[in-house]
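Got a structure for you, written out below as structure tokens; questions coming shortly.
Chains: A, B, C and D, in written order; residue numbering restarts at 1 for each.
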Amino acid sequence: MVKTLGWLCAAAAISLSVGAAQADTIKVGVIGTMSGPYALFGKNYKMGIDAWVAEHGNTVAGHTVEFVYRDEVSPNPAQSKALAQELIVKEKVQYLAGLYFTPNAMAVAPLLQEAKVPMVVLNAATSSITEKSPYIVRTSFTMFQNTVPAAKVAKQKGAKKVAIAVSDYGPGIDAETAFKKTFETEGGQVVEAIRMPLNTTDFGPIMQRIKNSGADMIFTFLPAGPPTLGFVKAYIDNGLKAGGVKLMSTGDVVTEPDLPNIGEAGLGILSTYHYAVSHDSPENKAFLALLQKGGGKLDEVTMTSVAAYDGARLIYKMIEATGGKSDPDKAIAAVKGMQWVSPRGPVSIDPDTRHITQNVYLREVEKADGKLINKEIDTFKAQPDWGLAKQ
Amino acid sequence: MQTLLGILPDALAYGMVLFTISIGLSIMMGLMRVVNLAHGAFAMIGGYLASFALTSLGVSYPIAILIAVIGTVIVSVPFEFLLYRRIYRRSDELTQILLTIGITFFIVGIANYIFGPTSKPIPLPDLLKGPFDLGLRMIPAHRLFVIGCGVVTAVALWLLIEKTEFGVRLRAAVDNGDMAEALGIRTQIVYSATFALAVGLAAFGGVVGAELLPVEPYYALRYMVTFLVVVSVGGAGSVTGAMAASLLLGLADTTGKYLAPEFGEFFFYVAVIVIVYVFPHGLFGKAH
Amino acid sequence: MTALLDVQRLSKSFGGLRVTDDVSFTLSSGDRVALIGPNGAGKTTLVNQLSGDLLPSGGRILLGGVDVTTASIPERVRGGLVRTFQVTRLFTSLTVAENVALAVMQRRGLTKRMFSSVIDRADVRDEWQSVLSLLGIGHLAATPVTKLAYGQQRLLDLAIGLAMKPRVLVLDEPAAGVPHDESPRILEAIGRMSPEIAILMIEHDMDLVFKFAKRVLVLANGALIFEGTPAEVKENDAVRAAYLGSYANARRAS
Amino acid sequence: MATLSVTSAPQSAAAGLRNDLIAAAVIAVVGAIGYFVFPDDLAFLIRVIGLAFLVISLDLVTGYCGVATLGHAALFGVGAYAAGNVCLAGVTDPILMLLTGVIAGTATGLMSGLLVTRFRGLPQLVLSIAFGQLVAALANKLSSITGGSDGLAGIAPGPVFGVFNFDMFGRTGYIFSVIVLLVTMVTLLRFSRSPFALMCRAIKDDTLRARMIGVAVYPRLVVMYCVAGAVAGLGGALTAINTGVVGLDSVGFERSAEALIMLILGGAGNLWGALIGAILFELFHHYVSAASPFHWMILIGLLLIVVVLFFPKGLVNEVTRRIGDLRQRRAAR
């Protein structure tokens, strides 16, 4: 009896609080990896957002915009959902952004409809995330998006037999699927497909297996972080590089902060990715200058800062379109089909998938001014998310 | 058969890394009966110090190893003095587990705070870089070095334990601490020396094994149980046991990775369960 | 009448060392037997084999005519063979009453109950209370074990054994560690036990042995060297030699 | 506060019932305070309650039976995955989902118990770790039923009793969780006074002595593991219901280690200690890591060291002991 009463009170409280959520300050909740092994990427969220605010000020349509950060640390959906709920209920945020890990993004997605909060995903790269709620937009990338061009390059470079080695989790499996399908359609042969546990650090046995498969090229994807280095080293030290087996990967394996650790042995590694810090454009130069002015270090810049910078652009656009009112449908409608030139190149939001359409570049590890960079050598223009696109 | 022979050097190298790091823990657990989950944390400190010495001080690889080992032992002194002494031989496992988890968290937090949350490279000297042609296959030169380090460690420890005065005291204290005390061996000194030895070996293993177990802020947590598992499988306090367990588990893990990498550590832990079930005190262990 | 406990040619070796050497004896209802022997004679090893803690290398143990040589400890306990310990082993996080009540409930098959507290049920309570009062520690029922004096702990150890309603009770030095002036209380408590029970007591204290036992078994170097009344034991040369010999040996070893 | 004391004299049935009612009232009142005083933090509180089940479950094997385990999250995670899967298969009733979690948790408890309680000491610890890691490796491998590292997403439980929908504020979820916790705690408190649980504590104190009063120890511990599995599975299912996603973290080693830490903070061998330990740990985590995530590990490490060295019986037991001493001293005066 008492419980029922409590419920009624609660229901009344909800209907009151939703209407009263308007304030002059509009809060945006950012959930990112601020600590732990992936802290670098959370830091990049902040760098990217700070750069945008530095450039465009913190008021939109007369409203002050405030970014509130929360730490997701590791894949922990229960915690991320609690953080999102806290941001929505307690901080009364009007927009959510961030999310580094797929399961965490998946956990937040079901909240959005009821909370009427649009979310801009700044990293989590499994294709299906944007399908989980109509209020999700993504400014990062998907594995399909970056991998399909990789398979095409592999074919162009004359690879006939490819061994695929990916990390055994969602994005890795996406990468494997995308590469295999594309490469086989192009007439190539996949002779080996290995899924490596995420915590693998010793890649010797994997290299041995690739060697025995007789492949002339390796395609790999591992999430940016310590293991990528071990993979590249094992590739070189086990004599595969010397034996003429080529290495092709997505850019995650050769993120700029990792390059100095890979060292000169990494020269010549090919990768496809949507952003290179060395991308030669006025927008990128301005962006990097802003990052550094905000205290960011150039050798810590990763793709998540660009995703955050562009994500902030979308949020500002949504606030502008709704005049600061909570109207997620209108907000999302405002950014569908939006086009602009990002530091990574020309991009647009696909109105059907709400995922970013962007150029994917073929890059090669090179030395320039004594520093290792990913030198862009070819461009695949306006790539959609091949995982969601109707083919 | 060819392929199995091909992965043997990898298995051997991995096993030797496990051995080099775990052997210190094994001796410590045999003597002081401390379930020390923070052993990996000391290996991590060694790795951090070596990385710092190599990249910031620019010293040579052998000097870096020396700095790492001595530095880690120095860092470990307050831990031994203030904390470990309280749990030698007398506490139950639960207390030991929790205290050493606490120590691990503390060290990980401090390392993050001082060195930042990125992985730490330990650049190899040119001699150890690149592939080495075994005839049968190419193998990273570094792995031969690791295998050599494992063998040298094992032989040195054998000599230390079997042929020196310290070894006599150590064995006496392992077999019967009270009796050793009664015979005038000052066990506290033997304990402290053993602790320093264990920590030094951990640091050494952490540095030379960094190619296989890369040094990063969560190293201590990631491998927290691995070393403990190796010691239990081998039998606490037994050099032979630790060697057998390291090689066996190294083989199980490497073969598993080769044949069915998608199963992760499944085969490693299946092997652990079978061995521990059949030999609850380890392959070469004694019941206490 | 068959013996309650029939030990036949029991042997146990560790490596090459025979610690129990061809030991045979019987216990019948109401027996009060003491097992004595010099230090290192193998008394505790023998008890451990009776209780099932150690498996013998050879020979048989019959309990009420049933072969229990390889039976598990709980099986022997169900058969009525109960022991106590030389060093008290109690459930130290529980109270005195709980220690004894557990034995009562276990015997009556009540400890598998998961949702009803039966410790206070009239029949259970009566039983543990009567055991505690029999041993003179009824007033300590609610006391945590850790707060007991050592002599009281020994009595509680006996109480737990008694609560199992044993047919054969093996007491491993029940007065060990108890101040000398308190040991009569323990003997007194044993004296109040049901006359049906066959009791085998291992004891060092000859005073206690002679007051308690009707029959004495003497163990030396793992073998039974003598069996007789206390009076006969006092007079026996072999026994004397065994004791003196062991002291001589002990002196040489140290 | 008679309910807080572990080493109490045998209680009469009436006293037991009174304790049950007091416990129920305490949880209901504290639950209500949480609801009305922290209406914006319900999501956080829900998560804590879910974890509390794991810690309480761990207490049953560690605190009551003395089993040292670092693989307990397996029981929790399997319950969560099972509940998630039946929901995706169309059984969306929360009560049935909980039931599924209980069954799955019990089955996992049985397997884990058979393996882990066979030995004591180091081999036991290592087997528990190995069991936990095996389950974690399988959860990653069997992505068709666990979603692998992406997590098992899209769990959308139906309304409670077909009436109360789960809302984003977590109101329904919170009240539902508190009620499940209340029922579980009262049941377990009653269980903890049973001869069975008493015998488990006896086994923990002295296994050989327990066998000498005729207890077959191994089967007892396995049964206790099943009970613990049921509780952990319940918590896993509850978390799956409230979160809608089950990730690999729910079976991971870190979850096991954290649960052990929470238990020790609160006090093993005391169900209230387990509950309070979970709450304290998460509160501490919440505030410290909000202030500075980098310092979180340093502080929790220090806290753990201090508790182990100076309050080895846990905070709750320590506080009750101090209160008890104080009372005695007063009475003595």
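The rule is simple: a residue touches a chain if its C-beta (ideal position, glycine included) is under 8 Å from a C-beta of that chain, and two chains touch if they have at least 3 such contacts.
Chain identities (UniProt): A = ABC transporter substrate-binding protein; B, D = Branched-chain amino acid ABC transporter permease; C = ABC transporter ATP-binding protein.
From a predicted model like this one, the values you see are computed outputs, not experimental measurements.
*Asks:* Just to be sure I understand the contacts, which chains border both chain B and chain A?
*Replies:* For chain A paired with chain B, the chains in contact with each are D, in label order.
*Asks:* Greatest Cα-centroid separation from chain C: which chain?
*Replies:* So the farthest one, by centre of C-alpha atoms, is A.
*Asks:* Where the centres are mean C-alpha positions, what is the separation of chain A from chain D, in Å?
*Replies:* 36
*Asks:* Averaging over Cα atoms per chain, report the distance between chain A and chain C in Å.
*Replies:* Chain A and chain C have C-alpha centres separated by 73 Å.
*Asks:* Approximately how many whole Å separate the CA-defined centres of chain B and chain C?
*Replies:* 48
*Asks:* Quick one: chain B and chain D, Cα centre-to-centre, how many Å?
*Replies:* About 33 Å, centre to centre.
*Asks:* Please set out, as single numbers or ranges, the residues of chain D touching at least two other chains.
*Replies:* Within chain D, the residues that touch at least two other chains are 137, 140, 254, 294, 296.
*Asks:* Note the residues in chain B that touch 2 or more other chains, in rising order.
*Replies:* 112, 117, 262-265
*Asks:* Going by the touch rule set out above, which residues of chain C reach two or more other chains?
*Replies:* There are none in chain C.
*Asks:* Show me, using the given definition of touch, all chain pairs that touch one another.
*Replies:* Contact pairs between chains: A-B, A-D, B-D, C-D.
*Asks:* So in the complex, which bits of chain D are touching chain A?
*Replies:* 32, 35, 39-44, 46-47, 50, 137, 140, 143, 147-151, 153-154, 156, 164, 167-172, 175, 179, 239, 242-250, 254, 289-290, 293-294, 296
*Asks:* Could you please specify the touching residues of chain D with respect to chain B in the complex?
*Replies:* Against chain B, chain D makes touches at 62, 68, 70, 115, 118-119, 121-123, 125-127, 129-131, 133-134, 137-138, 140-141, 253-254, 257, 260-261, 264, 268, 294-305, 307-309, 312.
*Asks:* Touching chain B in the complex: which residues of chain A?
*Replies:* Touch list, chain A to chain B: 35-37, 39-40, 168, 194-197, 199-202, 204-206, 208-209, 211-212, 225-227, 229-230, 233-234, 236-239, 242-243, 257, 260-261, 263, 265.
*Asks:* Across the complex, what residues on chain C touch chain D?
*Replies:* 51, 53, 72-74, 77-78, 82-83, 85, 89-95, 97-99, 101-103, 105-107, 110-120, 125, 141-142, 144, 160, 163-164
*Asks:* Which positions of chain B touch chain A when the two form their complex?
*Replies:* 3, 6-7, 10, 13-14, 112, 117-119, 121, 123, 129-131, 133, 137-143, 211-214, 216-218, 222, 254-255, 257-258, 261-265
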